[in-house]
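Presented sequentially are two complexes of chain A, the first with chain B as partner and the second with chain C.
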Partner chain A sequence: MSWLHLVIISPFLLAFLIPLLYKSFKQIHTGWFVLPLPLVLFLYFTKYISGVANGNSYLYSLKWIPSLGINFDAYIDGLGLLFALLITGIGTLVVLYSIYYLSKTKESLHTFYVYLLMFMGAMLGVVLSDNLIVLYSFWELTSLSSFLLIGYWYQREKSRYGAQKSMLITVFGGLALLAGIVLLSIPSGTFSIREIVANLDVVTSSSLFIPAMILVLLGAFTKSAQFPFHIWLPDAMEAPTPVSAYLHSATMVKAGIYLVARLSPVFADHAVWFTLVSTVGIITLFWGSFSAVKQTDLKGILAFSTISQLGMIMSLLGVGSAALHYEFLDDNIYVVAITAAVFHLINHATFKGSLFMVVGIVDHETGTRDIRKLGGLMTLMPVTFTIAIIGGFAMAGLPPFNGFLSKEMFFTGMVNVTKMDIYNMETWGILFPVVAWIASIFTFVYSMILVFKTFTGKYQPEKLEKKPHEAPVGMLISPVILASLVVIFGLFPNILESSIIEPTMASVAPSLLDAGEQFHVHITFWHGFTPELFMTIGVIAVGILLFLTLHKWTKIYHLFPESITLNNAYNNGLAGMEKGSNGIMKFMMTGFIRDYLLVIFAFISTAILITLFTQGGFKVDTSNMADIGIYEAILAVIMVLGAITTVFAKSRLTAIISLGVVGYTLALFFVLFRAPDLALTQLVIETVSVALFLLCFYHLPEFKPKKVRVKFHLPNLIIALLVGVTVTLVGIASSSTKLFDSISQYFINNSYKEAGGENMVNVILVDFRGFDTLFEIAVLCIAALGIYSMIRLRLAKEENR
Partner chain B sequence: MEILMSIVAGILFTAAVYLMLSRSLLRIIIGTGLLSHGVHLLILTMGGLKGGSVPLLGEKASSYTDPLPQALILTAIVISFGVTSFFLVLAYRAYQELGTDDMDKLRGK
Partner chain C sequence: MKKNDLILQTTTKVVTFIIIIFAIHLFFAGHYTPGGGFVGGLTTSAALVLLLLAFDIKTVSKVIPLDYKKVAASGLLLAILTGLGSFIFKVPFLTHTYSYFNLPLLGKTSLATVVLFDLGVYLVVVGVTMTIIQTIGESE
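This part shows the complex of A and B:
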């Protein structure tokens, strides 16, 4: 147990204390007790920066289930550290923001902070685990805590819907991930990512490689809201805004990105990986930015914007995987895609976090998030407006903010795809920069909508629930910090280069580096007149044009009928599954015992018959059989007649008497086949049984003397014949096959010697196999007691009286 | 002989299954009675019907019939008797309480 393990589980430990603190210190906002933890953790992680920047990595092992190879291995390298810093850093700001956002009196704060701490710990576990099973456990914990946080206002119908939707989709992906992990561990025999990478030859040559890759990607795509699994994210916006800012923009939705980056050393060399990751990413990028424009809810815009930006990072990671095909690092044009992915990951967390907080402030101060009601808040909320401008412009990719830099690099990466001479990209590659460029225009448009529709234009106080005014200082601290980071990273990107970006790239693409070598990233504002610059100018020009003519062309969104949306497909799919399973249950579970019996008998007989004939079990061998005597033949005829009479008897009395006939004939058979004890017992018991049957018959209804014979029913007859034929065939087959002699010679030899009895059957019953008899006595006792209590206990009737 | 007995047991099974698939509770119980007869006959047949003396050592015979199936059948007879009588009383009580012996009316919801 190292300090790092303690760090990972410390949020869980604090979560245990939160309800206690909440109950004991009612006058202090519970968030203040939470705040120090992420701050301390953030400072703790900063101390690793210099070591990691020098190319070191740290591994601390803790035995969990060593016999299964599952150990809690905490591992810090560039990628893990970047995410740990994001989680704790933004976590601190979000906790601070939530202190001012959530009311001390109206909300149940202890549940909120318990869920939030649970999430924080789970997320740290995901990014710092080297063991895939441990990673998966934390992965599901993030799904669970996200579910709890989305449904925080559980009284609202929409919260519950959003929580359920995100749960179903992310858990579906999570289970696919688990399957992928298991498939990945089979060829390599280990769950450790480092060891899998070390044994890469075995893994890549395995036939399980591609299925494992697809399943892992399914997990990553569902978690990171990639097309077509993005539909849960907009509905997750029912969560409180600090949660949306933290989980659904900065951290949890990047878990899928993390997974793709983390497993890039395993999969990235493969064409399927490149195709899937980059194509899905670019489709998500386009679809997210296209859909964001039509949203009227501020958080809806931000949700689709997050989807779009995640798609962008994902496509960059996909394109970056092409770098592995080129030997030389120095003139490798695809490395820039990995750099852009890592850089934009950081940038997105900063500006999206600040934008969510801005939206939260607007919501908090005006009572609405609907852009049709908002407008003209610029003079009322100047600080918020400034933050929104910084965040919005960074998101649109305008200089001098950090979004501009990563967007330029993104274009570089996409333009390079056209130069690719692998995977048939010579022809299709041109689509990448084109789609990316169109998506960027939409990004620009919705960023402008977000900023200008909210803060400029006509002020409509009559539509607002509250009188708007600037937010309290405490609420502004976090977004101000994030917005200043946006500017700082924009103006001085070099502070991130060697400290964070280079070591992260080293963990994404370690095979590009020789021993001791490091990536050399240099991000500059000015590359000269490159195609990327003209693309950005084009984005701004077309974007402004589209923004100004917004009301003219947004009608195209109405061209899509509601019925073919993915949401509708999800809803109908869910309802259809419920309806379908309900229908199957209604069809199968009729409530008639007869139907169930039909199925049971039909299944058993067909199963036995098929086995009997396909396995060659049926044969007739009369050599070892007894001859048919005249008495046996006569008795057989009587017995068959008795059995048939029971079926066709017109009255129940006849049926009972014929059953008696069968029973007595059986006793006579026992006599003929030299079983005196059986004959005695059978005679006595048959007599008692028939008497019981008659007793029952006597109590039958008099008002309904339906003395008609059994109604003929063809399916019943077919099934009955099937069972009869099966029994006959099995009987013949097994009396024709004698695999070994009976053990009865032992009983014959030892009945007198060992047990001192001459009646072998009785000796077996009470001596050799006495236990059978003991429990047979128990059965009789239970039956007697049961009958007694059935007759005596009449609870229901007494209650009615 | 064994083939004949197998056929007889098969007919008993057919009749039993047909009765068990009917609507009347009493017929179902008659069906189970027939079924247990069929099973007992089948166990005896499977043990082999070849000649031999009654399994009593006092006979001093050279060969005896197999005593083990007989012991098994004896146990089975007693148990099926216990179960059948329980069923009968259950049917009687069900009729008393519910006023019907029609399985289609004794339906779960």
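This part shows the complex of A and C:
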């Protein structure tokens, strides 16, 4: 157990104390007790920066289930450190923000912070685990805590709906991920990511490689809200705003990105990976930004914007994987895509976090998030407006903010796709920059809507629930810090270059580096007159035009019918599955024993017949048969007549008596086949059971005294014949197959010598196999007691009435 | 209307003993000829049922004041104890033995522990059959 392990589980440990602190210190906001932890963890992680920047990595192992190869291996390299810093850094700011956002008196704060801490610990575990099973465990913990946080206001129906939706989708992906992990571990024999990368030849040559890749990607895509699994994210906006800011913009939705980046060394050198990741990413980018424009809810805009930006990062990682195909690091133009992905990951966390907080402030101070009601808040909330402008412009990709830089690099990456001479990209590659450019225009438009529809225009106080005013200082601290980071990273990107971005790229694409080599990244504002600059100018020009003519062209969204949306498909699918399983249940579980018997008999006889004939078990061997005498023939005819009479009898009495005939004939058969004990017992037992049948018959209610023949049902006939044929065939087959001699010779030889008896049947019953008899008489006793208690208890109940 | 069952009752008084003696014969002869505890028990209960048919339940239970549930239970207990007895001689559960003894009156006789087990079976069968018939007969 190292300090790092303690760091990962420290949020869980603190979570245990939270309810206690909440109950003991009612007058202090519980958030203050939480705040120091992420701050300390953030400072703890900063001390790794210089080491990681020098190309070091740190591994601390802790045995968990060593016999299965599952160990809690905490591993810090560039990628893990970047995420750990994001989680703890933004975690600190979100906790600070939530202290002012959530009311001390109205909310149940202890549950909130327990869930939040649980999430924080789980997320740290995801990004710092080297063992895939441990990673998966923490992965599901993030799904669970996200579910709890979305449903925080559980008395609202939409919260519960959103929580359920996100749970179903992310857990579906999580389970796919688990399957992928298992498939991945089969060829390599280990769950450790580093060891899998070390044995890459074995893994890539395995036939499980592609299925494992697709399953892992399914996990990553669902978690990161990629098309078409993005539908849970907008509904997750029912969570409290700090949660949306933390989970659904900065950290959890990036877990999928993390997974893709983390497993890039394993999968990236493969066409399927490139195609899937970059295509899904680019579709998500376009669809997210396109859908964001039509939203009227501020958080809805941000949700779709997050989807779109995640798609952008994903597509960059996909395009970056092409870099592995070109050996030389010099003039490897696809490496820039990886750089852009990492850089935009950081940028997105900063500006999206601040924007969510801004929206939270607007919501908190005006009582609504609907942009149709908002407007003209610029003068009332100047600080919030400033932050919104910085965040919004960074999101739109305007200079001098950090979003501009990453967007430029994004365009560079996308333009380079057209130069690709692998994977059939010569023809289809042109789509990438085009779609990316159109998506960027929409991004620009919704960013402008977000900023200007909220803060400029006409002030409509009559539509607002509260009288708006500037937020308290405490609530502004976190967004101000994030907004200043937006500016700082925009103006001085070099502070991130060697410390964060280069080591992160080294962990995403280690195979590009020789030993001791490092990436060299240089981010600048000015590239010269390159295509990407013209693309940005085009985005701004067309974007402004579209924003100004917004009301004229938004009608196109109404062209798209509501009935074929993905949400609708999800809802209908869910309802349909419920209805379908309900229908199957209703069809199968009729509640009638005769139906169940029909199914049971049909199944048993078909199963036996199929086995009998496919396994070659059927054969007819007449060599062992005895001669058939006249008595057997007569008795058989009587028995058959009795059985037929039983089935076709009109009255019950006839059926009972003909059943008795069958029984007595059986006793005669026993006589004939020389089984005197059986014959005796059969005679007496048949008498007793016929008497009992008659007793039942006598006591039958007079409800429907109509004496009717048994009704005819064709399925019953078919199945009865089937069962009869099956049993006959099995009987013939088994009597024709004698693999071993019978054991009976032993009994014949030894029943007098060993047991001192001459009645072999009785000796077997009481001596050789007395154990069976013991339990048979126990069964008899139970039956008697059962009858006794059924009749007596019924009487007692009637007396009580 | 009270029926006069004189012939039936008189015959029953004679026949019952014959049946019971036959049952005991079946029981004891079971080790050498067809018979044994099960059939013996059933035949004994047949005799008792005959009594029930000829007389009524109250009379029969006055004449034979037995709780048949206890008969069944003691039979089961006897069978188990016979099995457990083998542990005293450090042999596996339900190991039986037999030997020949010279008894007064009977002369050389084979005595086997299986008879005790069979007696358990006998008692269980009698107890169970009678419990069932009595319970159903008493219920209205």
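One rule holds in what follows: the second predicted complex is superposed on the first by the 793 of 801 C-alpha atoms of A that agree within 3 Å, B and C clash if a C-alpha of one lies under 4 Å from a C-alpha of the other, contacts with A are read in each partner's own complex, and residues count from 1 in each chain.
The definition used in the following text is that a contact is a pair of C-beta atoms (placed from the backbone, for glycine too) under 8 Å apart; a residue touches a chain by one contact, two chains touch by 3 or more.
These figures come from a predicted structure and were not determined experimentally.
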Identify the partner contact of A:G756: answer first if only chain B is touched, second if only chain C is, both if each is, neither if none is.
second
A:T275 in the overlay: touching chain B, chain C, both, or neither? Say first, second, both or neither.
neither
Between chain B (first) and chain C (second), which does A:T654 come into contact with in this model arrangement: first, second, both, or neither?
neither
In the superposed arrangement, which partner chain does A:G770 touch: chain B (first), chain C (second), both, or neither?
second
Applying the touch criterion given at the start, work out whether A:L721 contacts chain B, chain C, both or neither, answering first, second, both or neither.
first
Counting only touches as set out at the top, which of chain B and chain C does A:F693 meet: first, second, both, neither?
first
In the superposed arrangement, does A:T386 touch chain B (first), chain C (second), both or neither?
neither
In the overlay, answer first, second, both or neither for which of chain B and chain C A:L780 touches.
both
Touch check for A:I791: first (chain B), second (chain C), both, or neither?
both
Counting residues of chain A touched by each of chain B and chain C, the higher count belongs to B
Chain B and chain C footprints on chain A, overlapping residues
676-677, 681, 685, 688, 692, 695, 758-759, 761, 765, 773, 780, 783-784, 787, 791
Chain A residues touching chain C in their complex are 676-677, 680-681, 684-685, 688, 692, 695, 755-759, 761-763, 765-767, 770-771, 773-774, 777-778, 780-781, 783-785, 787-788, 791-792, 795
Can you list the chain A residues touching chain B in their complex?
591-594, 597-598, 601, 620, 622, 624-629, 632-633, 636, 639-640, 643-644, 646-647, 652, 655-656, 659, 662-663, 666, 669-670, 673-678, 681-682, 685, 688-689, 692-693, 695-697, 699-701, 710-711, 713, 716-717, 719-721, 723-729, 731-732, 734-735, 742-744, 747-748, 751-752, 758-761, 764-765, 769, 772-773, 776, 779-780, 782-784, 786-787, 790-791, 796-797
Chain A-touching residues of chain B, taken from the complex the two chains share:
1-24, 26-27, 29-30, 33-34, 37-38, 40-42, 44-58, 64-68, 70-71, 73-75, 77-79, 81-86, 88-93, 95-97, 99, 101, 103-104, 107-109
Within their complex, state which residues of chain C touch chain A.
26, 30-39, 42-43, 46, 69, 72-73, 75-76, 79-80, 83, 93-94, 96, 98, 110, 112, 114, 117-118, 120-121, 124-125, 127-129, 131-132, 135-136, 139
